[in-house]
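Look at the two complexes coming up: chain A is in both, with chain B in one and chain C in the other.
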Partner chain A sequence: MPTENPRILVFAGSMAYLGADNAGLLHKEYPSNSFVVKVPCTTMLRPGLILYALRHGFDGVFVASSGPDCPYLPDCVERTAKRVESAYDLLKKNGIEPERIQLAGICSVCSDAFANNVKQLHSRLKKLEPMRRDGLLVSQ
Partner chain B sequence: MPERIGVYVCWCGGNIADVVNVKEVAKHAAGVPEVVVAKDIMFACSDEGQKTMVDDIKNLKLDGIVVASCSPVLHEQTFRRVAERAGLNKYLYVQVNIREQDSWVHAHDKKGATEKAEELVGMGIEKLARATPLNPIKVELTSKVLVVGGGVSGLTTALELAREGIHVTLVDRDRYLGGFVRRLPDVNPVHRPGKDVIADLYSRVVSTGNVEILSGTDLLEVSGSIGHFRARFKERSGHIRHDADRELLSRAERECPVEVDNEENFGFTRRKAIVLPDDRVPETPYIDMEHCIKCGVCQRLFGEGVSFDASDIEFEEEFSMVVQSTGFQPYLPGRGEFGYGETRRVLTLPEFLRLADTSGKTLVFNGRQVRDVAFVYCVGSRQTETGGPNTYCSRYCCTSTLNTDSYIKKKFGSSINSFHFYRDIRAYGLYETMYERASREKGLFIRYDPASPPSVTAEGERVKLVTKDSLTAGRDIEVSADLVVLVTGMMPSEDGKKLSAALKVSSSKDGFVQELHPKLRPVETTVGGVLVGGTAQGPKDTHESMISGAAAAAKASTLLMKGYTELEPYVVTVSEQKCNGCTQCVTECPAGAISMVEMEGRQVASVNVAMCKGCGACAAICEPEALQLIGYTYPQLRAMVSFSPQPLGAQSK
Partner chain C sequence: MSVNEYDVLVIGGGIAGMEAATALGDMGFSVVLVEKEPSIGGIMISLSKVFPTTDCASCISSPKVSTVAHHQNIKLLTYSEVLDVRKENGEFKARVKQKARFVHPEDCTGCLKCEQACPVMVPHEFNQGFVGRKAAYVPFDTAYPRSAVIDLNNCIFCGACERVCPTNAIDFLQKDEEEELSAKAVLITTGGKLFPMERKKEFGYKKISNVINGLQMERLLAPTRPFNTVLRPSDGKVPGKIGYVLCAGSRDASLGNPYCSRICCMYSIKQAILLMGALPLVDVTIHYMDIRAFGKGYEEFYRQAVDMGVQFVRGRVADLNELENGDVLMKSENTDTGKIVEEKYDLVVLAAGILPETHNRTATEALGYATDSIGFIKPRADTIGATEVSEGVFAAGLGTGPKDIVDTIAEADAAASSCASYMKENFGKERAEKILRELM
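Showing the complex of A and B:
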C-alpha cells in the first residue's frame, strides 16, 4: 500500500530558507504537504531530531542546507552531510528506510532546486509503505 | 513562557487570502488552549493592522504574538517593533510564512494551502510557547579601528575614518606604504606614478592627526570579537634616526660599501645596505641589517643616530573593529610556464613595469635596446582548462596591460612594437577606450585558444612565440620578441590568509575574503566587526580598491558613531548541570567561542557570546544536550515537528 500524500518536513538553513522564499516569489509550485522549519544552519541538526520528526507525523525529511553560501560555516555542506549520515544509520537501526531523508544544498536564489527537491522526495515517499509509528499508521 | 498568545493571520490583500482561507486558519488557531485571541487582518503591516495588535497586547494582556503573513525577511523587524511598542519583549513574537512558502506556491491547491497554513501557525504557536524574553547583546564600541594593510585601499579607509574623528591604527609589514600601487609607474586614469598617488594620500592621512601609522611593523597576533579585538605588534627597528639629516643620509648612502639587488625593482637596480626612502612614504631611512657589515661608515656620520643593536619593540593594543585590507599577491608562474625562469627574457607584468620605470629614455634589457614586446594574457588566471588552482578572471590585468602598452609607447616612443597574445579582452566600462587606443597605436592582437597556448622558446638574444591565431582560421603565427611579458593575475595574499584564519573570517572558494552579501553587505565579513576593503576581497583595480576602502570606512563609522552595537541573542547557552565535560564542542566550534572553565571542581563548557556566531554546530554533537541554541532550542524544535492538528490516532485510517 503506497503512501497517498506524504507529509514532508523541511529543515532549511538561512540561505535555503531564502531559496524557498524565492520559489514563492517565482510561484514555483510543489506539494503543499510540506512544512519549512527555519534553522540558522543545518549543522545544528541532531540526527535524533530527524528520527523524532519521522516518528511524530512526517513521512520524510528534507535537509536543505545553505550549501557553500552558508553565512555561518564555510564547510556547512561537509558538516551537514556528517549529521545526515548519522541520521541514516539511526534510521536503519530503527528499521526505517533511509531514503526518507533528502539532503541538498539550496542557495538563496535556488528556487527550482528547492521546489524540485520537495517534488522528488514527495514522489519517492509515495512509493514507500506508509510510516509505521508505534503500531499506528499515521499517513492518510 | 507565553501562555496568553495572540494569533494574527494576514490577508495580504489577496496575496494570501485568494488561496488560503484565512478566516478558517484564525478559527483553527483559536482552538489552541494558549491562544487568547485569533484574528484575520487585511494588512498586518499597515498602520491599522499594527494598531490592532498593539491594542490587543495591551487590553488582553497578551504575552506573545504569532503573525502569519509574508516571509520574516520582509517584516520581522516591523512586527518586533509592534511588540516593543506594546511593551512586549520583541523576541516573544514569531512570524509564520504563509505567503512565499504557502499561498504563492500552492495556488492550485487551496484546500492543501489552508491546511498547511493551519499547521504552520500551530508550529509557530508551539515555538512561541517555549520562547523566553531575550535582549539583544549590547556591545560598547570605542572609536578605535585597526586597519591592516597600508595599500591604496587601507590608506583610503584610514583617511575617511580619521576625517570622521575616529582614531585609526594603520599597520603594514612593509617599511613603506602603498602596497602594489606604489610601484606602478602610471596609474590609470590619472596617469601619474603610483608613488605620487600614495604620497598624496599619505599626506592627507597624516594631516588628520588621527592616524597612528605603524609601517615596518608585524602584526603578530590578533584575536577577540567586535568591541574587543586585541592585537600584538612588533615594530622593527630601522637602526637609524627617523629625522636624520637628508644630506648626511645621501653621503652615507654613497659611502656605504654594501651593494645588493634592490627588491623594490626586482633586482633591475642595486641598492646599499642603508636604504633611503627615495620618494616613498613615510620618509624614513633604515639600515638593512641582513646585509649590513657594520663597517661603521654611517655611524661616523651620525654618531648615536645609528644603532646596530637597537631592538624591535613589541606592544599590544585593543580595537573596536578591524578592517582587513591585506591586498593580493601577483601570481608567480612556475618554472617553464611560458618560458618563465628558463630565459631571463620572460618577465611578469609587475617585473616589466619596474624595468620600464627604472629605464631611462630607451627601454634597455641586459644591455640591449628593447623594440619588440610580447604580452601573454591570462597567466595564472582562468586556469579551468589547465587544471591550475585559479579558475577566476583577475579583471584588472587586461586593462593594466593595455595601459602599460600605452605607457611604454609614450615613454619610449612609438618605435616599440607590441604583440598581445590574449584569450579575451575584458576592458569594461570606459576601459574600452584604452583597448581602442592600443589597437590604434598598432598593438597587434593575436587571439589564442587555451587548448593551444603560445609556446615560448629562447632564440639567442630573442624569444620566439608560436601560437594558432583563432581569428585567422587557426594558422600558426610566429612572433620574435625582445621580451615576453606574462600578464599575471591576482591571488589572495599569504598575510591576508593568515589574518583571515586568525579572525575566523570566511573565504570564498578562490581564497579571497568572502563578503556577507555581494550587493547588500559588500564590505562586511562573516565576523562581526571585521570589514574588508580592496583586493583582499578579490581582484580590483586601483579605482575600485579605493571605492571599496571608502565603503569599509563608511560602514565602520555608522557603527562607531552610535557607540554600541546590538547582536542577535541567538547564541548557544550551556547547562552546566548537564555538561559532562567531554570538550567535543570546543573542537567543533568554528569561531573558537567555547572554552572549558572550572565550576564546582569540574570542567564545564563556557560560551563567549560575543564570539558565538549562532550556528549551533556544537549543540548538535552535545551528547547530553547541555548546549542549546537560543531561539532554536531542541525542545522548541521537537515541539514544532511533533505538532499535529489532530491527535495522532485520529489521523490514522
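Showing the complex of A and C:
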C-alpha cells in the first residue's frame, strides 16, 4: 500500500534553514506536509533522532546540511555524511528502508534545491509503505 | 490620508538600509523602510561575489532580506518614494507615494504566468540589459516581495496577464497612493550608481558593443547569470582576451570626478580571478594607474591575482576603437617601458566609478543636510560622528561617499547606533513612560 501524503521532517542546519526560509519567501512549490526543524549544525544530529522521528509519525527525514558554507566546521560535509551513514545502518538493523533519508547541502539562497529535494523525497516515499507508528495513530 | 507613527524612517532598501533597519529594529525601535524599486536588495544582491573572500554576494544579502521581511518592528514599503519631508516639533512628517504596481502583492503567488503571457519584451534592468524581460514581470529570482509588477510605460494593454492570473491579483485600475507618516529620526541610505561611462567619449561606451562596464561584467559572472557563461555582447563569442580600464570615470578632472572611487581596483581584481576560474584559457590584462588595495586581506588578494597570471600594466588608456570583427583596439601607455602600446581585445571592461544617487531637493532642504559638489552627503560640521548629517538625520552607505560592502555595513551599523543614542537622548523618557503604561 503506497503512502498517500507522506510526512517529512527536515533537519536544517543554520545556513540550510535560511534556504528553507527563502523557499517560503519566494513562494516555491513543495509538499505541504513537511516540517522544518532548525539545528545549529547537522554534524551533531544523532542517528537515533532520525530513527525516533520515523517511529513517531514521520515517513521520511531530510537532513539539510549547510554544506561547505557551514559557519561552524570546515569539514561539515564529511562529518554529516558519517552521521547519515550510521543512520542508514541503524535503520537497516531496525528493518526500515534507508531510502527514507535524504541528505543534501543547502546554501542560504538554495531555495530551488531545497524545494526539489523535498519533492524528490516525497515522491520516493509515496512508493513505500506508510511507516508503522508505534504508539501513535496514523493521521493524514 | 492616514498618519502612521514610527520611530525611524529609513530611506533606501539596499544593504545599508537593510542592515540599519534590522539593527534599529533589534533595539526595539519601530522602523519604516521605504524603497523605490519593486524589490529590496539594492546593488549587492545583483553582484557575483564579494572581495576578498569570494563569497557569494546574494547568499549573504538574501538572509538579510528575509530578516527584514520577517522583522516585527520593520514596516516595509517597496515601490514607494518619499515625496517630501517637513519637520514639526522635533518630529519628521513625510509624504510617501506608493506607486501603483497594478498587482495586489498580497494575492500574487509569483507563479510567473503573467510573465509568460505578456507579449512585450524590453531590456532587463537587473541583468544590465543583456537579456529581455516582459512588461509584466517579477524583478528577479530572489526578489522580495515575490510579486509581479506591471511596467505601464511599456504595457500595450492587451490584458493577457489579467486573463491568465489564477488569483485575479492584477488590477489595472490601481492608482498611486499617498500616505503621510511621522518619524522621530530619519536615516538616509539612498546609495549610489555607476558613473555613466558614455560621458567619456574616448571609451565609446554604448557605441562600441564590446565595451561594457563593471556592473555588466558582474552580471555575466553571477551565479544567476543570463547566459550561464561569459559571452561578449556583439556576437556571443566566448572572449579569449579581456582588457580592464581602471579609473574609468574617477580620478579624472576632465569629467569633474577628481576623487578615487575606492572599489574599482578591488572589484576588477576579483572579476579577473573569477574570469580565470570561469574561462580557463582567458588572458586578462588590467590597465591601472595605481592599485589601491586598502583593506584587510586586499593586498594578498591582489598578489593572488598576480600569481594566477593576471597581467597588470601601469598607464592610462587613451582611447578605444571598434574593429570590423567586433574586437576592440586599445591605445594605451605603458609607464614602465615609456612606450605607447596598441593592443587588440575581445572584450573591454570599464571599471566605472561611483556617483551618489540624486536626492530629492525638497526633502534635502527640509532635512537640512548639505551635499558636496558631486552630490555626496556631507557630515555635520559640529559633530565628530560622521554619520549624523543634521539634527535627527543620519546617513550611511554609498550616499555619503564611495565605499565597499564591508565599510557600508559598518557605517550602517554606526549610523543605527548614533540614531539610537539620539532617540534615547530626545525621546527616551517618553518611550520609557509608554513602556511603563503598557506594563501597568
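Things to note:
Simple rule for what comes next: the second predicted complex is superposed on the first by the 133 of 140 C-alpha atoms of A that agree within 3 Å, B and C clash if a C-alpha of one lies under 4 Å from a C-alpha of the other, contacts with A are read in each partner's own complex, and residues count from 1 in each chain.
Assume a contact is a pair of C-beta atoms (placed from the backbone, for glycine too) under 8 Å apart; a residue touches a chain by one contact, two chains touch by 3 or more.
Since the structure is predicted, the reported quantities are computational estimates derived from the model, not experimental observations.
Under the clash rule set out above, the superposition-derived model of chain A with chain B and chain C contains a clash between the two partners.
After overlaying the two complexes on the shared chain, residue contacts for A:D21 are found with chain B and with chain C alike.
Comparing chain C and chain B on the residues of chain A they touch gives the larger count to B.
In the superposed model, A:L9 makes contact with chain B only, not with chain C.
Touch criterion met: A:F58 reaches chain B, while chain C stays clear of it.
In the superposition on chain A, contact of A:L45 is made with chain B only, not with chain C. Applying the stated contact rule after C-alpha superposition, one finds that A:V109 touches chain C and leaves chain B untouched. In the superposition on chain A, A:V36 makes contact with chain B only, not with chain C. In the superposed pair of complexes, A:R79 makes contact with chain B only, with no contact to chain C. By the touch criterion stated above, A:N117 is placed in contact with neither chain B nor chain C.
Stretch 310-318 is the one of chain C that runs into chain B, the other listed stretches 4-12, 220-228, 310-318 or 382-390 having no clashing C-alpha atoms.
Residue overlap on chain A between the chain B contacts of one complex and the chain C contacts of the other covers 18, 21-22, 25, 27. Per the touch definition, chain C reaches chain A in the complex via residues 56, 58-60, 62-63, 65-66, 69-70, 109-111, 141-144, 146, 223.
Of all residues in chain B, only 71-73, 97, 99-102, 104-109, 112-113, 115-116, 119-120, 123, 506-507, 509, 514, 516, 526, 570, 590, 613-617, 619-620, 625, 629, 632, 634, 637-638, 640-642, 644, 648-649, 651-653 touch chain A in the complex they form.
Residues of chain A touching chain C in their complex: 18, 21-22, 25-27, 69, 107-109, 111. On chain A, the positions that touch chain B within their shared complex are 9, 18, 20-25, 27-41, 43-46, 49, 52-53, 56-58, 68, 71-75, 79, 83, 115, 133, 136-140.
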